[in-house]
Every structure is written in C-alpha cells, then in structure tokens.
Amino acid sequence: MDVPRIVLGVIGADCHSVGNKILDAYFTEAGFHVVNLGVMASQDEFLDAAVESNAGAILVSSLYGHGLIDCEGLRQKAIERGLDKILLYVGGNLVVGKTPFAEIEKKFKDMGFDRVFSPHDDLTEAVKLLRQDLEDRKR
Amino acid sequence: MKYQPLPWKDFLAQRPAVLDSWPTGKDVASIDEGLRYQRGIPESKNFAKAMAKAKAAGRTLLQPRAGVALIDDHIRLLRFLETEGTADLLPTTIDAYTRQNRYEEAARGIEKSRAAGTSLLNGFPAVNHGRDGCRMVTEAVTKPVQVRHGTPDARLLAEISLAGGFTSYEGGGISYNIPYAKKVEVGKCLRDWQYVDRLIGYYEENGITINREPFGPLTGTLVPPFISHAIAILEGLLALEQGVKSLTLGYGQGGNVLQDLAALASLRELADEYFHRAGFDGYDLTLVFHQWMGGFPEDEAKAFSVISLGAFVASAGRVEKTIVKSPQEAVGIPTKESNAAGLKATRQVLSMMMDQQICTDNVVIRRETDLIRREVDSLMSAVFAAADDDLVQGIVRAFAGGILDVPFAPSIYNKGKVLPIRDNEGYIRLFAKGSLPLGEDIMAFHKERLQERSKAEGRPVTFQMVTDDIYAISKGKLIGRPK
Amino acid sequence: MKYQPLPWKDFLAQRPAVLDSWPTGKDVASIDEGLRYQRGIPESKNFAKAMAKAKAAGRTLLQPRAGVALIDDHIRLLRFLETEGTADLLPTTIDAYTRQNRYEEAARGIEKSRAAGTSLLNGFPAVNHGRDGCRMVTEAVTKPVQVRHGTPDARLLAEISLAGGFTSYEGGGISYNIPYAKKVEVGKCLRDWQYVDRLIGYYEENGITINREPFGPLTGTLVPPFISHAIAILEGLLALEQGVKSLTLGYGQGGNVLQDLAALASLRELADEYFHRAGFDGYDLTLVFHQWMGGFPEDEAKAFSVISLGAFVASAGRVEKTIVKSPQEAVGIPTKESNAAGLKATRQVLSMMMDQQICTDNVVIRRETDLIRREVDSLMSAVFAAADDDLVQGIVRAFAGGILDVPFAPSIYNKGKVLPIRDNEGYIRLFAKGSLPLGEDIMAFHKERLQERSKAEGRPVTFQMVTDDIYAISKGKLIGRPK
Amino acid sequence: MDVPRIVLGVIGADCHSVGNKILDAYFTEAGFHVVNLGVMASQDEFLDAAVESNAGAILVSSLYGHGLIDCEGLRQKAIERGLDKILLYVGGNLVVGKTPFAEIEKKFKDMGFDRVFSPHDDLTEAVKLLRQDLEDRKR
C-alpha cells in the first residue's frame, strides 16, 4: 500500500509554529508522508511542494487572523498548476476575532477549500476525513 | 567583553536606506523634530517614568495587548481600555505584515478593512499610518503607550513610532526573531536591533527616556525559565550597550506557582548582577510578567481562571507590570469588552492581594532559584566564551551551536533540539537538552524529576508527553496526564 | 459534659406533630419505608461515601448552590450542572418560605411560578413537593444530592428529604438560626436540630450513612475564623451526640489567603481534638470551604476573580469540598449557565493547582493557627463552663451572655456587639469584642494590628471602617481604604 | 428644624441583615430619625410603625428574590390605613435572577412604589432624593 502524501504548512506571515510541529508529528504517526513547509509559507511554496511530491492534499494552517487575505486565490492557482484534483484543507484561528464557525466555514468553502477546521476540532476526526476524502478522489 | 555603542556616524550612514524603505519614512527625516515632539509629551504619559514610579511604590501596573487596522478604531479601542478597562499602560500591537516589513500587504489590509467595516489586520500598521497617524493615537489617550510587535527588522517602525509619540518599545534582536521569524539571520537581526537601541540611546542622551522591553516569553510554550532569562539578560546587555536606561525584562507564566515565583526573583537578581559585572550603572530595571502565553482554554470561564492565576503570581512576585490576556484568547483577537474583562479580572486579584504577603521565601523557592541561577550561568558563560569580546558574535555562534535553543521556535537558525516536559508537580523541566551546556548534576536533577512523573503515570517520557503538556492548560489541566 | 442521644421514645413522641404540620408529612409516616428506599440508592450517589473517597484521595470536590420552584425545572437545572458544569456533588437549595415553615406561601410561590413560566421562588420547596417529588429529583441525576437550606425548624424537611433520597443535610441549631432568623429561641432551635440529628443517627444505626454539614460561614460577612470554628465544633459535638458519623465542617473564605489557610488547618485539628476529648470516635470528618460569602462585585469579570481566588485557597487548603459561587452572585440567583461557569472556573484552578504544593507551613500561618487555637479554646471553655453538663444549656447561656456572638446576625438572641475589621494586611480582626471571653494578650494583638492600619490610613478605627470593609470586595478591594 | 422620620426594614421571610444595619447607620447619620424593624418584617409591621411614628416614608429592602410576592398590595394597605401621602421606597435584589433594572423598576412602580433602587445605587443619591421627595410631599 502506498503512503498518502500531504503538504503541510502555516500560510502567510504567520509564525505560529507550535501547532505545526504537532500536526506534523500527528499526521506522520497516522501514516501519512508529510512534506512540512513550516511557518510563513507562501501560496507558491505550497503548490510547488504539492507538484513536486505529487501530494493528494494540502493542509493549510492559519492562526494569526489573516487567513482570508492569505488564502485568497489558492484554489484557482492550484487549478492553473494542473492540481485540479488536489484536496485543500484549512484550519486554525482563521479570521480576526471571535466569529461563528459556520460563517468562517462558508467563507473558506466559497474560496474553494474542501474542509475547514476550528482550532478545537479533534485531530482523529480530521485524519479520518482526510483518509476518506483521499479514497473518494481516487475513484 | 567589550561594550561600545554603534558609532553615531555608522547609524547615520544606515539611516537613509531605512527611511527610504517606505514612503512614510521621509516624514521622520529630522530626528530633532521627533525629539522636540517628545519633549512636549507630559510626564504622566512617559512609559519609563510610569515604570519607575511603579517600582518605587511597589505597585503592579496593568497593560493589555490591542491593535486594529484603522486609526479611528484604534483610538476608540485604546480609550475604552483606559476608561472601562482601567488599564495603567496602553499598547499598540502591530499587525503581522508590518512585522515582516510587508508594507504593501499592510496597505491592502487597511483598504480591505475600510471596505469590510472591521479590522482584517491583526494589529495597527504603524508604518503605513506614519508619524502623524501615530501622533493622533498617542495624543488621543491619557496613559503612556508602548509599541508591541514581533518585528525582526524594526528600524523604520522605531523611527516612525518614536517620532510619533510612543514612549516604550518592545522587542529585541533574539526575542523578536527566533519566535517570530523563519529565515532571518541571527547576526543581521541583532545588528538591526543595535540600530533601534542606538536610536533610543540617542533620545536618552537628549533627555528623552524611552522604555525598552525585550520580549520575555519567546514561544510562550513551556519555555524553561533559564532559557528565557539568559536571552532576556543578553538583550538587556545589548540595549544598555547602546545607551538605553529604562529597561523592563519579561517572563511568561509557566504555570507552577513556585517555579514562577523563583523565576521572577532570580530574573531580577541575575540581571542586576550581569549588568553590574559588565560595568553598566545608572539604569532603571523593572520586571514584566506575562499571563500564560501558551494555548488557552476555549471556554471563557476557564480562561478567566487562567487569567486570575496569572494575576495572583504577578502580585505575589511583586512585578512592576503584568500583561493581561482576555477570556477570548483561544478564539481570536478579543473585542474591546473582552479585553477590558481581562483587565478587570486582573485588577480584582491584584487589589485583593495587594496588601497581602504571600510566602515567597521558602525551601522550595530557594531550591528553584538556585537551580535557575546555575542554569543561566552555564548558558551565559558559554555565550561569553564563544564571543571573543563581541557579544553579537557570541550570540550568533551560540545559536549555531545550540548553546541557546528556544523550544518550538520557527527559526531555521534555532536548533530546535530542546524539549521541555512538566514534572510530576508541574514544574517545567528538560526532557531533551539538545546542545545546551548544562552540567551533569543539573541534568540529573531534571531527569530524576521526570522519572517521578513517568512512574506516577506508568508510561515512559516521550514526545507524546510533550504534546500532552502543550495541550494541557487548554484542556483544563496543568500537566498532560494520560486519561 | 454528658453526651447522650435524644431517647428514641421522645423522638417518636414528637414525630406525629412534625408530620402533621403539612399534608405531605403523612407520606413519610413509615421511617422504615424511607430506610428501604435509601438502601436502594447506589453507593456512587451516597454523599457520605463521596466525601470519604475525596478525603482518601486528597481530592477537592465541587458543589454549586441551586434550586428552583418546579420539579421539572429543578431536574433540568441539576442535570445541567452535573453535565455541563461537571459538578461532583449536587445541591438542592430550599426556598426561603419553606425555611420559615411558611408552606402556604411556598404553595403560592409554586402556583405563581407555574403561571409566570419562571421560578418566583428562591429555591426548591421540598416539603410542598413531598417525598415523591424529592425522589423524582434525586433519581434523575447521577451524583449525590444534598439539602441546602437555612431552616431553624428543619424537622419536617429532614423527614421528607431523607425519605426522598437526599444523602446529605446541611445546617445546625446555631448556624441555621442566628444568621437566618430573627425571633427563634436558641434552645428551641437546638432541640429541633437534635431531632434532625437523631433521625440521621437512626438511619446510621440502620446502615444508612447520611452526611451532615453544619453551615460554617454564618453571616458570611467578616466573621473571624475563631467564631465560626467554635460554632462549627459545637454543632459537630451535638451531631455526634445523636449518632451522626459523617460530618463535614465548613469555613467561609475571609479573603486573606494566609488567614484562610490557617483557619482551615486549625479547624481540622481542633475539631478532631474536641471530638476525641468528648469521647467520640469512629466518625468521618471532612472540610468544606465556601468561596467568599459576602457581597460580590457586580461586574462578572471581577466576580470570576473572586471565585478563582476562592478556588485557589480551597486547593492550597486541601479541603474535601468547595462550594462554588457564580459570576452573577451580586445580582441574583444565577442562570444555569452562569452557575456552570462558576463551576468551570473553579475546576480550572483546582486542576491546575492539584499537583502543586503551595507553602502552607510558614511562620505567619503558624502565628495565625496558634491565635485561632487560643481564641477557640477561650470560647469553648466558657461555653462548657456555662453548660452544667448540658451543652444545649451552655449554648443558650453563651448567646445570652455574649460568649458566642455572630457579627451582623439578624437574631434578637444574638448580642450583636462584636465588630470585625480588617487589619492592614486584610486579616479579619476584632474592633469590638463585645462580651467574648478573650484574654488581654489576645485583644492586645488585635488592637495592635488595627492600629497599624489606622496609622497607615491616617484615620481612627470607627464604624465607618467596618462599613468600608463590608463593601470592599464588592468594590474591587479587599480592605476598605479611604479614597 | 424637625427631624424627618422614616421606617426601615427587610420584608417577608428575608434574613439579609447586613445591608439593613448599614442603611440604618447611613440614614441616621444623614439626619433622619430611623425606625428600624430589622429583617423579616411583615407589611403590617411596616404600616404599624409608620402610623405610630408618623413617618414620611417607608424604606423596604428585599434581597432574597421574593420581593414581588412580599410587596404586593402594600400601597393599597397603606391607603386603607390612611397613609395616603406616605412615600414608598424599595431597594435590593428585588426579583429572582438577573433582570434588566428597567423591567424591575416598572413592576414595582406599577405596584405603587415611588422609587426603586438596585443594590448598586449610590446611597448619597438615595438620601438626596428622599429629602427632595419629602419636601415635595409637604406642599
């Protein structure tokens, strides 16, 4: 069975590195091959890494509040780069200030993200969903 | 070690390029205009004076964090915090694009925030708003205002904000690089901060005291006191070297009350000792305690308790200032009401504890103080040894060699081999020391304490334990025990 | 002193009149039916067992106060507190009409509450709801449930609620009279509580342990520890005399952390000493700490801090139970969410402090512990001396003579001559001792400490200072200093 | 100048005595002759005392939440007793649970109270109002 490959990173000018290190360890232990860009990764870095590693999913973190600005256009760019089947996940403190999660989720789904996570979502659940979604995409 | 300020002509040689890096730089071309402006600021709004007064009176001042994209909103926010929140000191937290000198993106953030009718930036873009924008802010309030940021190259921000009437400047060449950046060379950042400190030294020479505050908590996540202490003292030395006189060293709450009290006591003593030994004198040293800087509980009632416990330690530790969190910490940048709620909760604890003497001298605190001393001394002498009389070089080599190493930091220049874990009583200890130059006796103590926990929990000390500890407070515990 | 339980035949002689005082009394005519019912209650829901387990494990259990007029609403409330609030122990707070045996008014309150769709009573009218109503409540939840009230004549309430499945009963012949009533004779009330304790003793003889908790905080307002300790110990003796075996003594937070820790340490020691000296054995003594019982700040952020400080002391004092306030305390009976918020805030502090050893043994705590001991001994020996072998008589005479005197209490049988004031560090001291039998050395110490404050504030010690102290915490301070 | 007389007490089955003692001291010091019934005073006790002392005002406290039930009908009874000019003030935690003060005020004013106070109102203000109201009634 081949190991599913994913690209992980914290987008924009965001320096929050703690969650990123935990996600790396977590998804690696869950059986994924994780290409971790660390913090302050640009959209292009995410896409380059996805192309290079032939990844099935990109997991974007944004903790510092500029998520909306930093993530804008990622889906289009992915399509331009020929990554039209790639899964886009995003999680963290995605917008500035306390906001109902449904609102946040809608905004990011409208931007082309497949799944949106709050900082308090269970990572076991995320792994399960990712596996399922990767399976579904294969077909 | 040789300490000597950056020669003024070298400073002036750099200056044009700094000011040219964004159009608003030209407004501050005349340093003297800035000095004249600062001379007109009433004493009651000078941050350094407020800190000195607090020290003399044995009081703890309260300061929140706050910053939004637009000037008017920011003013409204600060005013609310000083009236409703009864903050003693005000902040202006800078947005994350400005911190990376990405002024174009900050400009876009300002535009989008105007369009959205709400701040889409996580702070106040002071460079884009320029000198006059800053003056509007500092003039609109009655309390001293500090620039709080996380900017590796903070030269332009310093020029603009000091001319703009801010009287305190947070940060330092290590503390605003290693936890805040990924690819900024250690030496480059230290030199850029020499510029900032030199500018403040120049203000000082001209009769304007600007308070300087190295950022104590670093990554805010299980940082053992001795690591942040060593870095705080190094940044203190670098600031004093450039002529800074009002210095506030910081420490972020670790969570074990006695370790925190020992950390505060030892920071004050050690800093003074190192500064005097280096030949510095006539400076004014104060302490700031940051309420828990790691992941917060999502539930606001629980967050309030984390805030109160921090306030309790600030009070028992007799610090001059405490930086206050809000009950919305885990979720997002707080509303002004939530920010004020954090202040009010803190105020209640401080004023209820104000006249009480809580035991700060006992055998456990002495054990921990002594340990921290020995650990700090180990790091400091290794840095000095690596320095060849040039402290900047010493620090660069220290990071390269892992003599200094900040847990969980994003910088590629940080080895990242140090792993902290709480012991069975919640003290932050070392699981992996990386290349930190700590003697065997010290490491034996850390190991022994962790084995105690390992036994109590019936599981080995592993990275899983580190992860559990990172989550613990946000999940309502101090120690990340297995279920 | 002679200790002997109320003869069972005297108990039975009283019983018909008790049960006749309200129609629901007839449902509990058979004590054995109640015993059988109690035997069916799972161990996990027995309050006494939960307290004993907490003691063995060194844990602090959390309990809120809560009660509303209607059964369904009350069940919903308790369920919310055990799930969302993660309360370890549940309360059923009784309304104030029931406390005065005004069952008709309680009935009207029930009606009006039904009509209004919201509780117009300040508690659960357990007598009116009767045995089966109580069983619906205690069966609907998974945690042990206690009756919390303030009833001078609590005989019928005890009969109904014990048969109704409650496994703990708060109150006592002093603590539920002097602070809660105006014209109830001391002797009458003590005798009515002998009935209650005898009933519980009977349950005990028949294998059912019901936990008994004298109400420690009294008026909740600046009560010096020794006054509440003496009363708690007296009520403990009276309960043990009747065969009670699971006894929880209480103390309400005073606000000075070290005085509170000294109070908790001394309460445990003194109680055991007095009980053993009186020949009692085989009982199970536990402690309950009440978060601040006086006036709260209206602002919820500040109220959270008062709650957290209380939780801190509960943890450092290693009590088996703490009674939790809500952030709405100053305003009104809390919503279930607000009540849960108080629990969550408390839980966060307790679990963060759980594994930490906070210095509870130092020279100041020893000074205070010693002082409290001497004060309690002075009161106790005077009460014993007045007793002529009959403790009830002793207590009646003690109140008449001012040997026992509770500050600010409403009872006309309480002299009300004692005035407490905080000293310059916030310790509760005596300004006026009334007729309390305290020696000159003790009073000299109190006086000296108050003079220190008087000097610091530049004003004499007067009733104004008492008033200022009563308001202080609600106004965000511990000590009521002049502006 | 004659000293204005007032009746003070805590109504119903309410035992909260601390505020009552403070109010007694406060109004006495402010120059009133205070007839203090203490806690647990019935409507009749208030009215008897007012008649006996020829008081200009009755100050009712209710802290424990049963204020609405306990105060019902006091105005009518006062009129029946011939006290048709007497001022009725009420203050404390007047209802069960946190309720907007305007709502509480309206309820008690509808019941015939002249002024309604929250527990956090300034007593200096209350004294001022009482003096003024007593003056006004005289005319």
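In this document, chain identifiers A, B, C and D correspond to the written order of the chains, with residue numbering beginning at 1 in each.
Definition applied: a residue touches a chain if its C-beta (ideal position, glycine included) is under 8 Å from a C-beta of that chain, and two chains touch if they have at least 3 such contacts.
Bear in mind the structure is a predicted one, so any value in this text is a computation, not a measurement.
**Q** Taking each chain's centre as its mean C-alpha position, how far apart are chain B and chain D in Å?
**A** Distance between chain centres: 55 Å.
**Q** Rounded to the nearest whole Å, what is the centre-to-centre distance of chain C and chain D, using the mean of the C-alpha atoms as each centre?
**A** Chain C and chain D have C-alpha centres separated by 30 Å.
**Q** For chain B and chain C, what's the span in angstrom between their mean Cα positions?
**A** Taking the average C-alpha coordinate of chain B and of chain C, the gap between them is 46 Å.
**Q** Using the average of all C-alpha atoms in each chain as its centre, how far is it in Å between chain A and chain D?
**A** Using C-alpha averages as centres, the distance is 65 Å.
**Q** If every chain is a node and every touching pair an edge, decide which shape results: line, ring, star, complete or other.
**A** line
**Q** Let me know each pair of chains that touch one another.
**A** A-B, B-C, C-D
**Q** Hey, which residues of chain C end up touching chain D in the complex?
**A** 96-97, 99-100, 102, 105, 108-109, 112, 118-122, 150, 179-183, 219, 221, 294-295, 298, 328, 330-335, 338, 408-410, 412, 463, 467, 470
**Q** What residues on chain C touch chain B, complex-wise?
**A** 255-258, 297, 299-302, 304-309, 311-312, 327, 340-342, 344-349, 351-359, 362, 364, 424-426, 473, 476-479
**Q** Residues of chain A touching chain B in their complex?
**A** 12-18, 20-22, 25, 38-40, 64-66, 68-69, 93, 95-99, 119-120
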